[in-house]
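A quick write-up on the structure given underneath.
All chains are identified by letter, namely A, B, C and D, in their written order; residue positions are counted from 1 within each chain.
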């Protein structure tokens, strides 16, 4: 990576929509809250409360939402880092992701990797770059000798733009944040996975470095053809890399659409609000009237009716009614959203509903 | 907090049960017989003896009966060594001296340690600081069975100022002085209590704590002044703990003094004393309080030594001898008692810590 | 017969030179009690002294540790023995200088011609401390109780009495089989199965002391508490603070109250010997019964230090049931390879006497036996004869001792000498007291450290145990000739002939057989203030407290008087 | 973000080492501890004397005392190679060095009886000698004389009995005092010089006063007045003096270091191994397992441990293994708690999740990722636990639970200090038996504490200055 100049935008390659890599249906993850002498469960944090989506081969699915909306939980639940999930199903390349265990799970893990947000805590400070990147190779018996391993690690370092000779024997604390993230990427691609969850992979980095890393990811996708589940809290970050984008609010997907479509025609009030939060580069643009008001509600006790209603510009009385299902509408091919007032959108076709409260 | 205390208290019987079981098992595994003597006793006489103390029954039955007696009657059984006395009786005799000595030592240690540590921190790198810290490190490295005899040599044999051994405490003036000290402490701390921001629980507790500490120190000093036999043992027992506390206190204070709020207080032009007493002391004392738990365990251990050197009729001396002479009942009784004390004291220390440090939450 | 090896091993007691003793024998000292009708003149024991009237008679001394019991029948240790001497009185008591049995609760006794029937006549004026008369029935009841009491471990003391052994061993229920009869309220007739030369000494022993029946029945285990206890000795229990002190005052009801000059005894229980010594130096106590090994050099510089021979022998047993020590030559070689003088002078350093025989010297009329001494050349020759020239091929053996610094030093020295003189490597094995006792009992040792303290001044106390099958033999050694000698000695009523038989027995043991290896005879060291009078040297650690007094004030007595007592 | 990271990298340990090197006290501590450890390891070479051979007539010698280089007895026979234990090492060495040697011993064979004479002013009140016996009278033979012990002053008297007054010249004191006298009986051939020629493996000749001596020649070391080897006076020096039994204090300390340090180190390792593993498993497993395991620790925490150690040591044979286990058992709880706390925070860090997604087994995660990250704490704990254990051991020695090292009469520092405090005289006599072992122990503990503090600061700079 020759830094300095503004990074060239790499065109994203079209995804192979005929092959579904990951299919998630109605995924739920609740965290119990315990209290008292006998640690009785008194409530749940419903971090993820019925999420459904697919990822195709070679596709990047952006996952966007404010912090606490459950997007990271989705990523980790898929990777089986948060066992057990509360409900729903997920299949990876046709295999039931949530049911496997033991060796089968470890084999499955070769195909799914993660890149973390925090480049500092995601690297073991007591290991050298070589052992960090090479660990997966050892664990899965891909390399047999240390020499073989070193060669593979050097290749990987080269791939992610690190110096394979000078950097290989160093410890994480000697690297900058961007470099560490590259180490993390090297570790993730070492097993040549089919899916990588990028959990806010660039959020902690400077803007210039963010672009470098995103370009690197796109480049790698082009070379290796893996899919990304790209989690971010701002729509601006995922815009360039994602084929499709899903917007989450309080544990549910409120809108999902191909990237271009979502940015051009945001239909859920929340998506609109998020989009308007992106700083305008055009100084002549009018001041933003759709700024989000208030805070994200407590997920232990989410608002009745539509969860978004307390902050929604368009909220009506019926949005507050308890125990009503939230209808899901298809607005265009591949563009779906969930809103009680969805019938007001022209061309919206009711295709299902999310359970109410 | 209350629930936390309750939960800890509910755990106590379990702790004691494990303790008793463990000790009982160990003792039963021990070679050597409590009734073995330097002359050979015929099998018949030995059998009679074992029957007398129930040792002829299977171990599990013995254990069951023992537990039963302890739980229902709080009866720890007869001593096998002391034929005229029961374990309850021996413990009742020994616990007083041990606790009194331990209390004196802990209070002395806290008083000396806090003073030395605070001055050391405030006058960092002064001659006093270096001297007291060197002394403290030394105090931690010298076992008390050395300090004790050396103190005896100097104060009892050379200067003839203090008695060599014995236990003869005199309490006559204590209550009056304790109350007076509490009063004075209240008066002194009033100046801290009336802070700028009015009423605050934290500050109230800090004042109360300080007041109690002052009262305790005064009481101990009075007690020691009236009971010369207690001075050397109390000091011997206190020294290693005083050393550790001084070091902890100094470190804690230095950390607090370096923090912004103390700097702000200084910047406001408050006097050094006010800054130290009102702001730094409370924060600096936290490590000391958390050390009190281990310190109490240490005092129990140390009292084994000090009681022997100074011929104090305490529980520690009983214990070592009981273990060596295989007085099963006495060993069990003392272990259970010390376990109970330890649990309760540790709990008390944790509670105090909780009051002092609002960051600690007991779920 | 107490075989005691623990801390007390080196610490026994004896007497301070009573310089002022018996100035003018014939004249009855002023203030002395009237002569006893029995003929024994107790007033001879009322030592004259100046200044005792103007001195607070408070005697403070250290009794080493907390007594295990105050019940005389249950006692086993030296500490308890000291207290029993003050609180109780047997049929006989001890002469403070010669240790001969003198009248105690019985004012006289008759012995039948064959030496088997003793008739004791009790004093009519003897009373318990609560005023109850002391009768023959009290003794009979106390003895029966002792024999039935599981906690009484010294039942052997009764065994010279006819039927006593069977009563215990065969768990006999019927008391009438035992040769003890109350013939009148103040006459007790005791029948022995064979003559016993030392039976009167046993009558002064604590196990045979009487206890007060009503008190025991009323209070059970609590009967020895100061508030309950009823005694018949010269002193009564006043204060008992366990592990701290016991205080005694004269028993007002004791028949010979007039002889007691002490007004109080304060008996401390300081078990650390260094502390005890320091306490003496600082004036806190006026008598300590032992000196810490590390302080002996220091103590010897003090004029108050005393050291006396003591009725006890320190020796090592051989396990004669197993090679190599089943061969007497090997045992003798091991014995002669030891320079006992070096051990006494460089290790023990308190004037212990190297021993070549087993019977401790000082028993009146019994000659000290001189067995073969240190001779490394001879020892090597003996070992070679036994098949181990220069120690070659000698099996692995070890010395078992109970954990203690001084035993360790002695054992180390022995090992060094065996190595040097015989070329044999012996290892050390120490274990703790109670375990050591079990190991000894099971004969699981090759060489074992031992000590034997006589309970009465008679050679039999050292010789009896080597008879075949005796409980305290513990070596597996057995000799028909020896058994025969001992059996003949028991039946012999002429003391001189009896001693001759016993001397022959000792010679048999310590010339060629050596089931054990004697090392030294104990001494007894302590510190005693010169102001304490009426205290005499003797080989048995016995200092009847009724005869003691202070000729002048001491720091300890002044302090005790000052504290309001 | 420049990627130029030359000069070559330091691992976290190297960095800590760098920080540690700046801490003078900690380095001093490290040096002291290393020296002690080395001395203990090579005790056999370093110690000037064999700590198992006491020189029984050289008891209580002050530091720096010089003494003729002999051990107890000197036994040679012409024409034979003497046995190792019979002669001092220099003779043994000389036998094999390919040269001829000769040594000369000036021997005065006198029989000395010690008398303890209690005096009242100048008057004799009691004479004790020949064991503990009180002597009625001491009558001297024609060749005998009396002298004051140590001072050597002759007492001009032909008999000694209670009541007599000692002649002038004897330093009289007032009140009751004790005179140690020596009753010297000189044998006819009292003074002689023994010459021993040796080399090439045997003693070639033994001559007494010019005449050859056949057979075994035994000489008590205490009778030797002078010793010359190849013409030079042969002495040795006890740098730190000797103890009550004549053992060289320095050698005892060096050998004692073996036990104390070994006990400290092994018990600490035992406790830390248990503690780290337990804490790590508990913290990593989490959930119910964690709760259960930590409750168990809570329960054990409340035990009066020293009491259990005492019971353990009295129950089982008192050997080193039991001591290791016993002391190790006392000390593992705190590390277990601390390590668990560390693991709880470390396991939330993302590199653990990364390892999980890589398909790493839980065990490997524990061993490769979690435990190594607690090593800072563990190292600090080691340096702070070792002194605690050494103190603990010395405490056990004090209450009489001394541990034997394979049947060898070697004492730990604690036991040495305890016998030193017992030997201490009222005016501080024989101080070296307490001071030197005590100093060795305190210095080591001191150093370990400083090293521990330094390591903590170096490994975890945020914790600087705590405790």
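Just so we're on the same page, contacts are C-beta pairs under 8 Å (C-beta built on N, C-alpha and C of every residue); 3 or more make two chains touch, one makes a residue touch a chain.
What you are looking at is a predicted structure, and each value in this text was computed from that prediction instead of being measured.
C-beta contact counts were set side by side for A-D and B-D; B-D has more. Farthest chain from chain B, judged by C-alpha centroids: A. Distance between chain centres (mean CA atoms), chain A to chain D: 67 Å. Note on chain placement: the centre of chain A and the centre of chain B lie 56 Å apart, centres being C-alpha means.
Centres computed as Cα averages put chain B at a distance of 32 Å from chain D.
With centres set at the average Cα position, the gap from chain C to chain D is 37 Å. Chain contacts: chain D has residues 314, 400, 421, 424, 426 touching two or more partner chains. Contact with two or more other chains is made by no residue of chain A. For chain B, residues touching at least two other chains, in rising order: 31-32, 149, 153, 157, 308, 324, 326. Listing the residues of chain D that touch chain A in their complex gives 1-3, 5-6, 9-12, 349-351, 353-361, 364, 368-369, 372-373, 375. Interface residues of chain C facing chain D in the complex, by the touch rule stated above, are 14, 17, 19, 273-274, 278, 281, 292-295, 297-298, 300-305, 307-310, 342, 344, 346-347, 350-353, 376-377, 398, 403, 405, 408-409, 412-413, 416, 419-420, 423, 427-432, 521, 523-525, 530, 537. Per the touch definition, chain D reaches chain B in the complex via residues 295, 298-308, 310-312, 314-316, 387, 391, 394-395, 398-400, 414, 417-418, 421, 424, 426-428, 434, 438, 441-443, 445-446, 449-450, 465-467.
The part of chain C that touches chain B in the complex is made up of residues 1-6, 66, 68-71, 74, 76, 150-153, 155-156, 168-169, 171, 221-225, 241-244, 268-272, 274-275, 278-279, 281-282, 284, 432-435, 437-438, 441, 471-472, 474. Of all residues in chain B, those touching chain C in their complex are 31-42, 44-45, 48-49, 51-52, 78, 81-86, 90, 93-94, 149, 152-153, 156-157, 160, 163-167, 308-314, 317-318, 321, 324-326.
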